[in-house]
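Chains: A, B and C, in written order; residue numbering restarts at 1 for each.
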Amino acid sequence: MNWRQHKVTLPKYHRGFHLITKHVIQAVPEIQKLSAGLLHVFLLHTSASLTLNENADPDVPQDLETSLNTIVPETLPYRHTLEGPDDMPAHVKTSLLGASLLIPVHQGVLCLGTWQGIYLCEHRDDATRRSLMLTLQGEPLH
Amino acid sequence: MNWRQHKVTLPKYHRGFHLITKHVIQAVPEIQKLSAGLLHVFLLHTSASLTLNENADPDVPQDLETSLNTIVPETLPYRHTLEGPDDMPAHVKTSLLGASLLIPVHQGVLCLGTWQGIYLCEHRDDATRRSLMLTLQGEPLH
Amino acid sequence: MNWRQHKVTLPKYHRGFHLITKHVIQAVPEIQKLSAGLLHVFLLHTSASLTLNENADPDVPQDLETSLNTIVPETLPYRHTLEGPDDMPAHVKTSLLGASLLIPVHQGVLCLGTWQGIYLCEHRDDATRRSLMLTLQGEPLH
């Protein structure tokens, strides 16, 4: 095995930061077969994003949401407002956080730090389900 | 084919967000030959950046520019000011947005979401032409 | 050689932006053996980050630090405050800047622009030493 690609549709999430580490790992069981590699997690959208952050205290995702709302307020004089006041701030947040993660695979497991979890950051008030393209490559375990 | 690298010099752009999806795809025709792969787009500069965002409404790149100018104002008490008031904010914006994108290739095409376009974010008032290093790798179509 | 992985523990740094380009390059001597490739630099933490920025003027890392402190103030009404006022802002900065870089390798050298250096961004007042997982892959020089 050299390359594997899986398209994954996530559950519907409300606005905010949501841990999806388990969704991602379950969608790519081939991780277990690699001694060294990289997993690319790519979100196919422009008003939601992906980030790595603390996976333990539920206050962290709440504080991330309120912090981003302060950094990118809905009250700026945006021109792109057809879909409501949360639309353009969602695009700005997506560019700040990014829509893609690259994570090492080492000895059959995703090599995340102890406190690192994968978050889907849903920036719209009423979003549809979001899709990921997962791309795995690496060197097989002997 | 396993690896291809192309250095590309973009046209000169004024300050703001500019769609370069076509420039990138035209520079790497080998994308068409891959069943699965990854394209790395790397900007060799520290006062401009790359981002994925909405490719349809021309208000979006304008709002991205004004939003970033609000988030990173030119009026902060910067020390690095030799090249003018737009210099240090350009460096801050570059770190916030990032200088590099990694995009999946699937069945011979760049796997972007419907609304995703590649933007060059030019943060300087009077910049020279910017250069990209493009690195493509993947598994050939049979 | 196709894949190499090295786990690296950095020196202890105080809060701020610190150039670590040399640490990274010295930890992966196999870069010299590749004609084309990619080096992935991955930080295993959620309160520090990695960025590429200007490597020459020492005012730049100072301005990056003060700018980020302005964009993500310690005075927001955070809930996650057990470890002090620098804790939650550190998590927000990590999501804004990101914990991972992907850099091209070309003809045996890391393909950075003239002014690009790799920074460790330490967002905590009193942090322990930080660890990186470095993953290199590529095509050998003939």
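Everything below uses one rule, namely that a contact is a pair of C-beta atoms (placed from the backbone, for glycine too) under 8 Å apart; a residue touches a chain by one contact, two chains touch by 3 or more.
Please read all numbers here as calculations on a predicted model, not as lab measurements.
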Between subunit A and its twin subunit C, rotation from the CA superposition, multiple of 5 degrees: 120
Copies subunit B and subunit C touch via same or different residues, half shared test: different
Gap in Å, rounded to a whole number, between the CA centres of subunit C and subunit B: 20
Set of subunit C residues in contact with two or more other chains: 71, 96, 98, 102
Residue ranges of subunit A in contact with subunit B within the complex: 2-5, 40, 42-47, 71-72, 76-80, 88-89, 91-92, 94-96, 98-100, 102, 131, 133, 135, 137
Subunit C partner contacts - residues on subunit A that touch it in the complex: 35-38, 51-54, 57, 59-60, 62-64, 66-68, 70-71, 96-98, 101-104, 106, 111-116, 138-139
